[in-house]
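Presented sequentially are two complexes of subunit A, the first with subunit B as partner and the second with subunit C.
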Partner chain A sequence: MAREFTRRDFLKLGAMGAATAVMAGCQPPRPWITLEPYVRPPEQQLAGVATWFASTCRQCPAGCGILVRIMNGRALKIEGNPDHPLNQGKLCARGQAGLQVLYNPDRLTGPVQQSQRGSRTYEPLAWEAGINTLYEKLAAAGGRVAVWTNSTVSGHLFDLFQRFSAAVGGPSPLVYDLYTGFNGYRLLADVSQELFGRAALPTYSLSHADVILSFGADFLGTGLSAVRYGREFGGFRSQPLGKRGYLVQLEPRMSISAAVADHWVPLRPGTEGLVAGALVQIIAEEELASADRAALAQSLIGGLDVGSIAAASDVPAEELLHLAHAFASASQAVALPGAALTGTDAGAEALAAVQALNLIAGTAGEASGLTLSPPSPSEAVLSPEPAAFSDMQALIEQMRAGQVQVLLVHGANPAYDLPEQVGFLDAVANVPFVASFAPIVDETALWADLILPDRTYLEGWGYALVSPSFDQPAVSGQQPVVTPVFDSRSTADILLTVARGIPAAAQALPWPHEVAFLQETVEQLGPGAAGGSGIDVLWTRFQQEGGWWPASPPEPEAPSLASAPTIQLQSPSFRGGEEEYPYHLYLYPSGLLSDGRGASQPWLQGSPDPMTTVSWQTWVELHPETAEELGVHDGDIVQVTSPEGELEAPVCVYPAIRPDTVAIPLGQGHTDYGRYARDRGRNPMQLVGAQADATGSSLAWSTLRVKIRPTGEKVALALFENKVGVTEGFLNAEFPH
Partner chain B sequence: MEQPERKWTMIVDIDKCTGCAACVVACHAENNVPIVTEQEVVRGRGQHWIRIERYWSGEYPHVKAHFLPILCQHCENAPCEPVCPAYATVHSPRENLNLQIYNRCIGTRYCGNNCPYKVRFFNYFDPNFVEPQDQQLNPDVTVRSAGVMEKCTFCVQRIRRAEEKALAEGHPLREDEVVPACVQTCPTGALVFGDLYNPESQVAKLLEPNNRKFRLLEHLGTLPSVYYLKGGTSRVSE
Partner chain C sequence: MRVVRSIPRLWRLIAGVVLVLVVLAGVYLIFGLRSRAAPQQPIEFNHQIMVSVGMECLYCHNTATRSPAAGIPSVEKCMGCHKVIATERPQVQELAGYWERQEPIPWVRIYRVPRFVFFNHSVHVNAAGLNCERCHGDVGNMVETYAVVDMNMGWCLNCHNQQSNASQLKDCVVCHR
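The block that comes next holds the complex of A and B.
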């Protein structure tokens, strides 16, 4: 609504000359703006030629290296960094969508406070006031400060949080998010500790494998390192002399990894570990493979009954025999553990059975097979280790008991990620002061008193220890590729500022700003593949190359058994009786939205889901027979109820799922987090409840049963494909009108 | 007719495509392709210059899924070209690309009607890039307004940039200097791009000889520039 630009204004403009202009209309009152040509252009700027900056993608914990195309100070495109040892120039859909995290219109435009939590009334305040408030609260809280962060927090910020907490006598920062929680990162590391003596994430080299048995691992979708496993898979399918390997995917619902497999085994949910154990048993009994490998199998397994496992898993005994033979007779065989396997109530045993297979394969530490992610190359380089579920519950207990005076939340969204029964919101009510550093208001920031928005990853400094790393340790570097789009401040800098006023912390955090701290870290890393010496050169190379990795990759460590467990396995116990809850529930992170963090990016919301081609929605996948029994078709809304919760969502008839199983993707059901995320779909974590596996490491999400009730309501399913006349027996599809 | 100096060709290896959709998002980012709303998707107006089609075959439990990435095939004998009344859809004689000239297009949508691959999309609306999303727009690519058809261009803007750079540097265009956004990002390496007329190129070497190669709807005589390599299935004997 600008007022009209009259002749008078024009003449005034002419009189003032080209160097200034009058601003009229509905902008804040400013008499003029200054237009200046580039008298002193920034270095390396050529009109029409882009500059590329190396940084790290933070859309998942893997830590792929990226190059960002910058023109006129704008980030236009993200590509994989060809020199980065993890992703070698490639990048997944989520990495490509990172620009929409940076340029999200719903980001906070500055610090805000909420006088009433949950009111969604955010009052802007000045940075000085906000930081002062934070300082006062922290100074008064002493050691009763808790930090909740997530697996993609920069290593340097995690380090600073840790030093701060230790200095004031508070608990260590908690790293917990749905991505690592769902994928069982903690359990994977714990079982590595138990079996191999080192708590590290297992990695599996696939590009030279003959036989891969994937126990529900969606390694090409949202597993531990989608881009790297994508590269590995490309190599797997194009080995010399036309060899293309044999991939078997064992899971109740076909993911994209199962879609490209040579054989899909739709086993009963929760029995992935049992089947792995059965294969070890068969190899031991039948003395398949070489003598020493069969002997190893015999030493590991404690007399499982293959027949009853066949019944429990719904995989015929002949099939189990066939798989065992294929695995044992291959010279390069690999077994992959999946998220559903770590999400059972007995995930540790199930995981041990899969790792046992890898040891029996005799390929551990070789060109194909199991290795452990290498340790950090320097004491100065930290990695946020995902916490155990029980540790997370312990913090919530402390909060509920009033033992936490200040809660700092950075990058994590527990109010969305966690099932209600975990009690995060109830506990937060007993924390007097909650500060969030979220760049965009999410479900957790909604319950904060103060939000001091951090820079998004493309605007920020940091590093990420590549996790898991495959053949060598790598520290991926992060640097701002644009000046900040909105008025945000680095949380690390805020922490350093605040620490100066708290005597206990001031000594522990002496750096004037985060870059000084980062430079020290890089100096301690020393020269890597990029060479050089002295902090100036090392720092420059770290930024230019996109990180640090060793000059020559070390010999891969062959994991060997530190302790020889006897693998005991039992049939999983499901929550929900079969009569009342006839179906198994199978959840999976959406390939685009992942655990829900992608929902704010329209490129991810609007791209069709690879298996169903649905976008923008949550859906319930039912086998055609199941749909027919229930009398429902695509778009019919059903109510899905577990012993822990319920949700309503439209049906999507899905041919590649067990008839006794229903599958629902994670990712939607946000109430905040921006216009693209808000008020669409449902969050199926609300069906899960608060049970952990037997060791307390992992959320037990894959052993639930549900019932389904058609509601009689209907919605149009946003399918990209047209199913009319394509899918058999599908006569009542409506044409859009 | 002049002999083209290049034949830009893409190879899609079905055996390696995992349906991950990295190519889909990369293309949106590179080419300023808008994302349509949920309601528009319901109306059948999904807009993706490259899409992953997923086919089912077989009956449970032996059901299989197959991924087929489809993009403009840059046909030598393109059905979309002769039907444009405004010559907005033309063939580039020099390099065998099917060009879309946005400012000539008057939106009859006949080209989209004629395309057997359904890779042409109509802009029903003006673009709605909400600030600051407009900061991300690629300045090398026109932002299309309502009423205009669009489709994959093999990232012609990247081809042009590379050609101009090679010209300025005084050397012939090298194979590795041109890569479309989808090919660049594909994690498995299922997509390969290059000049088929160059016998040293990756595409030439991959295609000749290859008993896995085929083209889509070959019987229509469109002569596509996109070759697909058949997927396979491994079996293990007892």
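The block that comes next holds the complex of A and C.
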């Protein structure tokens, strides 16, 4: 009898399949769980009840206040501190991922030495031996000691480094990292000095603005203070009486900030400053604003030809007119300068043109508008001010010339951050002794003779002067929230120990340990919003509240023109001829990995990029038309060549970019820095070369042209709706890019 | 035709029921019995001795009235007495070994509720006035500690249902929040 496969059979088979699936889900029972009680319990710990500690996030230089949830001595969760004046309880993805800085499996478990630099064979040694070696080298070097640190170094350690350098007669510690270098911190401060007479980072309050013109400022992504700008943007979009504000984003590639804008103007890369100048020119010519503001506009700008700017920037003249009208007629208008603008060869003028718009808007110092970050509330509180690119080059030159006997590297990673042409690796070869304090061996620690791992920010003491700070000066406190996970030691304590043996430094650094030094600093700050008197109370409140800020915010300082400059704008000059190099290169810091320091944290690696959804990789964004011309699709590996360097990475076809522009995110391309960062993607800084802007303040990274050649190879992109999921992006061995 | 087919169908039904029973029995054997067995502990710890000398549960599990977790005593706390008491016993010497090495003792957990259940000891001890034995059995007479009940949702609800405020205590979010 031939049986037919009936509907009933189908259902039966289906049910059997389902039952099999259910049975398969019944794994063998879990193994027993062990409960490990403390050997000696801390007094305030109650089993099963979380303790929260206030501290400071150190994933970027902004200095947001955090609260860390501790359960049985382990840090479980990081949240924003609601009382903190900067971030007011909010925190970004990078801040949340800080736990993986603490618990990273690739952290050094103790001090190590390397008998041959770059060999990647690290011999463990005892702390006493490591500190003694450092002492001997420092004692012998005298004043020929250089300190290279970064913008997230704690203020107290920076202070101690500075005192040490001054005492032994060495150069001041150098603060240079890609985060501040790329975002043009130094140039921003220099232009403030030139225009307003005080070198401070500008801040822009947005919460009451009617119109914002953002000249490539990805203020919601990796700007100067992304969390605070996120709050400002929230206020901007939900103003009283339903007012919503109007945001225009002018940039060649749509960032997350452009994605939420009302209007996106994809101008030609490098012309942001020219467009800002053209708007000033239109306001001056057409007298769009009140008489005095129009007069100010006339005094600031020297006869620009709006028509030629329209052609150069690829923004139609009518559009420029419309933008000028919108800006001038708003009662609260703000103009934001972006990173790309500070990375041109004439960044200072471009920046000045944007600041000129803010002055013409007449909102400087008001509830919505430009202010300058307030100065430090006390002489005792220091902030690591980023060095100019030329200062950094000067140190490298000294190193190359053999004038530096000992190089101490704390936090900074110049071997990764800097283009090869800057010559860090050549220079470091001429330094007889290099000590690093990196918790994870990074590209720079690879070239160190001795690595004395510092504690991470969740285990260590410190403070950060909030910079840029919006309405008031604030000193954000940092305290250990857990006992150190590995056998690491505070660099500040090591420095104090070593200094005791060096006669010149012993007097300058008399403190027995870093806490004594920090307590002195807090005592000098005096009572803030938390009140109290006497060092015990002040110190306790400093830890309890998460820092110090004044009892009542001071009146915002309205920046006024210190001089009457006439802003001379020129068209940017691009490296690479248009014939040979047909595309503009547009680099941007990854929203998650930022300048690359987040690459060691798998949460950040695995989080999809907010615009393209790619994770774990470096990708090259091409407009669909450009991709079609080149005959490439998602995942096709292309070779991107600039006059300065080349890299290979897969294409991600991205419609929200100019067809003549190629965008690549920073952050990947590490050769060390732990298992999650190593051998993954490419570092686009290698396309940039070593040219600085006209003033020498910052690296000119945004005025480059590139050419693209398909290689014929292909990898799967780990992006949403692709066959390769986010997890496979890490697991799949075929992901070298 | 219909009659002929109906017999194997009956058999198939019976076979199906038997199969389901066997599977259920297997699941019970694996999960049910396992939960009752006393696991091997790192130190052969005897609750009976502790209780027989007059110690209260709360002396060691002292956060039961103050915290969601009853707490396992720290090595320091054990050594508070065992520095001088019963030092000749091999189990106490093992304990001293942990103390000397400053290592935590990896005690094996007896009771466990899933992650999505928020159980709070202090409410049950303070507000409901339950004594420890009510849930954990006569631990004072256990040489090896084992689970006397399977702490599943039905077991919780059995008790919650009998309370005067049962309507509140039956709310899902009392435990699943």
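Note that the second predicted complex is superposed on the first by the 679 of 737 C-alpha atoms of A that agree within 3 Å, B and C clash if a C-alpha of one lies under 4 Å from a C-alpha of the other, contacts with A are read in each partner's own complex, and residues count from 1 in each chain.
Simple rule for what comes next: contacts are C-beta pairs under 8 Å (C-beta built on N, C-alpha and C of every residue); 3 or more make two chains touch, one makes a residue touch a chain.
As the structure is a prediction and not an experimental result, all values here were calculated from the model.
Novice: In the overlay, answer first, second, both or neither for which of subunit B and subunit C A:L592 touches.
Specialist: A:L592 sits against subunit B, while subunit C stays out of touch.
Novice: Which chain makes contact with more of the residues of subunit A, subunit B or else subunit C?
Specialist: It is B that touches the greater number of subunit A residues.
Novice: Quick one: classify A:R455 as touching subunit B (first), subunit C (second), both or neither.
Specialist: neither
Novice: Which partner does A:H322 contact after superposing on A: first (subunit B), second (subunit C), both, neither?
Specialist: first
Novice: Contact-wise, after the overlay, does A:R40 reach subunit B, subunit C, both or neither (first, second, both, neither)?
Specialist: second
Novice: What does subunit B use to touch subunit A in their complex?
Specialist: Its residues touching subunit A are 15-22, 24-26, 28-30, 35-38, 41-44, 46, 48, 51-54, 56, 60-61, 63-67, 130-133, 135-139, 181, 184-190, 232-236, 238.
Novice: Spell out the part of subunit A that touches subunit C in their complex, as residue ranges.
Specialist: Touching subunit C from subunit A are residues 23, 26, 28-29, 32-41, 46-49.
Novice: Help me check something: in the complex, which residues belonging to subunit A touch subunit B?
Specialist: Residues in contact with subunit B: 71, 74-80, 87, 89-93, 95-97, 99-100, 102-103, 105, 211, 220-221, 226-227, 230-231, 233-234, 237-238, 244-247, 254, 256-260, 262, 264, 266, 322, 325-326, 485, 591-592, 602-608, 610-611, 613, 615-617, 623, 655-656, 659, 680, 716-722, 727, 736.
Novice: What residues on subunit C touch subunit A, complex-wise?
Specialist: For subunit C paired with subunit A, touching residues are 23, 27, 30-31, 34, 39, 63, 66-77, 98-99, 102-109, 112, 121.
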